[in-house]
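Step one of this worksheet: look at the structure below.
A, B, C, D and E label the chains in the order they appear, each numbered from 1.
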């Protein structure tokens, strides 16, 4: 079969199913379409419900989703757990807050803030993007020497880096108001629509990244870095690029978060946040974008449900505070044991996968061309 | 029609903790020929391959392809100069599809994505793997994995291909297939092949020349039938009679 | 005055270093055998501290029995967490293990909050812990001396265990080459369980001295010792028991130096400085600090 | 097979939980209509877990006690009060989030955490919804109408009062030189030191050194070394911090042979601290706080004590519970008088003064920040037991 | 030591002793690759059986499966009459199977003495241990000299000695040696083979995997020739050595090796 190679990656990827005429549009890009459709569907439904507190929960979950996608972008493609990721979320949150806050407000709230920071002032969206850029630049500066470390050493240095970032965020009073709460003035700017819009962009981008040649190269270093090296891939470099990209998305999520919640402390970007992201990725399946998506969905639902349960139990006299984390942690261990690749098993949601879901399983090891 | 390239190694040495794994080995391969590198277990063959592909740092020696000194390069810089390898224990990207695996070979030497995809498609077709193009590599049969690894190497459009025990784990029939594939490759693609294998049936029939290592040193070189009769080679393989 | 400061500095370094050495030792025992930086180690300490609180407050048992029970509970926690949470991951990826220990840590922390109280509780300690002694003109609590003494005794005990007994030798062998050790008849489950039990015992001892110092126990108390142990282990070289002990003392030395020399406004950045040192250590000579199986395996 | 079973179980669990979260909304919609039904919801965004838990938990007990009392007396215009707390986990973000949820569930007022950093975000959510938010004992001057809005109050005296009272007390005790340690963890600890130092220096005292540390990163050795390196032995030490580091610091200082008197603020009012210091170290420590557990300090305490004991089966814990109790009493008085409209309630609270367990309380108007006008109770620790020394109002009050 | 030798001699005088190790139709593989495709061998008490064949033929895989490091996909491994396939290595060691692994695998930071001590871990018996130690010091005098040195500091040959002594000190009923001559200098190879001969004379049952076919056949009672995960030839070693052109197995046949 002669193929027309002017087609871009979409059709290329779909071409395997050459014998399937009714589905010529990309099978792979259906993932993005489906995920976006699900997310917007829920969003519109919730907007229609018009219950403010559900809308709030949804908005904050969407921000978390962006954060998880950035986390997955590196972890899923490189196979390396990035312990310092939430640090970049924090940097993005603080940086964008500093950018967007009125200088007079900054002067009032944090009188000791460096004057050049006090003078900065950007509108909301540019501030968020600038914050993400700051996170990315910091990642770019610190990460280069760390990228060639792997395995235990790599994990340890990333973990140490997280602690360093946390100490700086929580102690550098001239920048972040120190251990105290940093309060942004004004009203919430990350509305449900802003969050949704960014989420759609980020889903698309993260998916595109995975399928891009950079993403592909990064995935090779996950599967076998020796083979990657001997195939001409400088895995240190692609890891670095992936890491920095992921820090950008993390910073973006942080900026959206700070403009949603309006009061931030360094503690919000530390162990328990890391644990939350980790549990989402583990439960959903770290190797696919869909995994991060569904992981975020499941954990958010579970946490909200458990919070209601906590409330209910407490009202009936049984103190159940803190239960949600325990349940999520146990869930996570169960997943790690029983289904290490998460609910999605590392696969992407796609039209084809949906079709297979409703079709009796008949293939054992031959899933290339089943009827 | 196509030019001849020369891959040349001279005086290559490497020792581990005082033990000389590769000791002053020199070798020369031209495009279009197949050289077999053999020797008993532990004689330094794999170390040799790791050295010339930059996976290990050499102690001494010079490695060139057409005057390009690749001996000082990092492993990932070498494929673009025309030298690629395969592994004894197959090293595929197991979660990537067959197509992506092959594409990587091309992307690794700087090809654009579209071109890489085209090259990969063609290679899969050529090696009869097209049907499995979207299946993750880990689901392939062992034979297909071997072929896929070779396809990935070929996607880099190499001048020289280093095959580390490509027949290991293949049954006789599959080895015959491999023979058929490899024997025409040098001429078809104008590449030179260095092959390490223990399957003497394959080696003896496939190679133009043999190079025998023992204790890291070259003990014989020449045509297969000569090498086979070389008493030193026989001793290396079977051991000497007790003195 | 300055002589006194010097003596006080030395006593501080020795006593804090002893505590840190014990903490590091507990971490490195598990790390050496399973490659696992056990995030839940801090919570092992917390468990023992709570047992100390409960048994010490609500019973009239003599102090030594209370201590024994607390240490025993640490050992039991180590044993059970290995059995329930870590054993299913035998042979799985490092990250899976790390994530699990992280999850175990969260579960234990939240359980304390839920089951006991988020508030800190005063831990009773025997009176002689608070007696002050005068040493070369410097007043210091007796428990610092006890701590140094206990550490020396424990180090000797560990040394005898690891150098003289078959089990200890087997554990050292297993930490170098697990498969070969099993081929020699060293049971994998036994060795790993023992590592966790010893780690738990050390956590118990640490709990006694740590809570004697802070005077209280609360659900999150484990994170402090965990980080200290973590830094010490890295400084000491991850794999070696001796290294961990040395790392503990080095850490105490650096920390005390920084405390003395840093102005108080920078003091709160001390952890950051320590961890930058850790990162620098790991980047500059990862193979020097972390020997053996952590080097990337050679191809072929 | 077993695997699949567990997967199904997990799925069912998640499904159930999500349904439960939906159930939460049903309640909300129900409660909106409950306005003309038979109950009034008082929302609580207080921290049960985390560092703030040790102050908020007792306060919550007081809240529950007061609610029971109000309901026993027939409620507010026949409507029963219901207290609904969601754990804000000593985290400002969570506080904001749960406060919003409570507003959506129809809360008529929000009781926030006893601190500006952890309670402020919840107060902001209440302000946005136009209802009253009130903290039992947040003492930072930031907790008021200026920073948070015109419907936000704290029942506690501000740190201006708290710092000034202690400065005057120390100076009155003949103390002239001070070593001040500030935990820069939250605004409470930071501003308390600031006002204390300001008043003490105005009186003519001298601060030899101000040291800083952060909760959770306490380095006693460093502080003790700094203390010992002072050119002269200070008359006393002022520590503005929190449990658990506060206890560790005092104990270690005492152990290191430092026996200067120690002064501090209301965070000292923690039974865990008394217990930790015990007879050995629990002496020569002074602080001011909101109230004291005795009939002598608080008329009507015995009655309160009896009710508390009946409800919880144990002695009154910290005086924080009285602040919680007072909060509900103030709110219910306002609701009785002017109904549940937030603006009206706030106006009523500004205009009137209240007789509380924690002393007489009079808020300034919104323009001047809802500054609480209140007396502080001064306490002393003797052999690990707190002793009431008397009520005090400062001569000079620093500007917030 | 001595009493063991006697029992063997007594048995030897009677009928053929029952096989101590019996492997039937063993199939083993890693991942997608199957390495052994149905191998059957047996080893009788007191015998020295050698397995030869080119690299990659599955010899080491066989030993690792018998020692419990690898789990068989199918087939059976019977040791002293009991099925042991898939059991844990530590348990098999207790039952008397001892593997001296390829590449020696000495614990580098442990001393020679400690290496030996681990070797006896599963079957430690203080009294016997001391006596055996003295005995092995006679066999391997170098180990006595180096007793307190770290294993990693020994030369290759010394390490191989240590590995063999470590495998022996538990008094195994079956000693398996995986490529003991690999990477050693010719003189050292001579020494090792001499040693194996001595061990055989002491009545120790040995299963030897060796690439050096000539030497292996010379000292073995029986031999199996592996190729590609199958047994190509088997028989008494002297017969094998005479009847087959081993060179062709290793280096390809004169003409039998044609492809296609």
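By our rule, a contact is a pair of C-beta atoms (placed from the backbone, for glycine too) under 8 Å apart; a residue touches a chain by one contact, two chains touch by 3 or more.
Because the structure is a prediction, the values reported are computed rather than measured.
Q: So which chains are sitting against chain C and chain D at once?
A: A
Q: Chains shared as neighbours by chain A and chain D?
A: C
Q: Sort the other chains by how far their Cα centres are from that of chain A and give me the top one.
A: Result for the farthest chain: E.
Q: By mean C-alpha coordinates, which chain is most distant from chain C?
A: Taking each chain's C-alpha mean as its centre, the farthest from chain C is B.
Q: Could you tell me the distance, in whole angstrom, between the mean C-alpha positions of chain A and chain C?
A: 34
Q: Give, as an integer number of Å, the spacing between the C-alpha centres of chain B and chain A.
A: 41
Q: As a quick test, compute the distance in whole Å between the mean CA positions of chain D and chain E.
A: One centre to the other, that is 75 Å.
Q: Return the distance between the CA-based centres of chain B and chain C, expressed in whole Å.
A: For chain B versus chain C, the centre distance works out to 50 Å.
Q: So which stretches of chain A touch two or more other chains?
A: Correct list: 171, 226, 319, 321-322.
Q: Tell me, which residues of chain D touch at least two other chains?
A: Residues 48-49, 184, 214 of chain D touch two or more partner chains.
Q: Hey, what residues on chain E touch two or more of the other chains?
A: none
Q: Which of the residues in chain B end up touching chain E in this complex?
A: Touch residues, chain B against chain E: 19, 40-42, 90, 138, 140-142, 145, 165, 168-169, 171-172, 175-176, 179-180, 198-206, 228, 233-234, 237-243.
Q: Touching chain D in the complex: which residues of chain A?
A: 51-54, 56-57, 60, 170-171, 173, 178-181, 183, 187, 261-265, 267-268, 298, 301-302, 304-311, 314-315, 319, 321-322, 331, 334-335, 338-339
Q: Would you tell me which residues of chain E are touching chain C in their complex?
A: Listed in rising order, the residues of chain E that touch chain C are 67-69, 88-91, 93-94, 98-99, 101, 105, 107-110, 114-115, 117-124, 166, 170.
Q: For the complex, give me every residue of chain E touching chain B.
A: 32-35, 54-57, 156, 179, 181-183, 186, 189-190, 193, 211-216, 218, 228, 246-247, 250-253, 257-260
Q: Under the definition above, what is the set of chain C residues touching chain A in their complex?
A: The contact residues of chain C facing chain A are 35, 37, 85, 88-89, 92, 94-96, 98-100, 102-104, 106-107, 110-111, 113-114, 118, 223, 227, 230, 234, 238, 268-269, 271-272, 275-276, 278-279, 282-283, 286, 290, 294, 296, 299.
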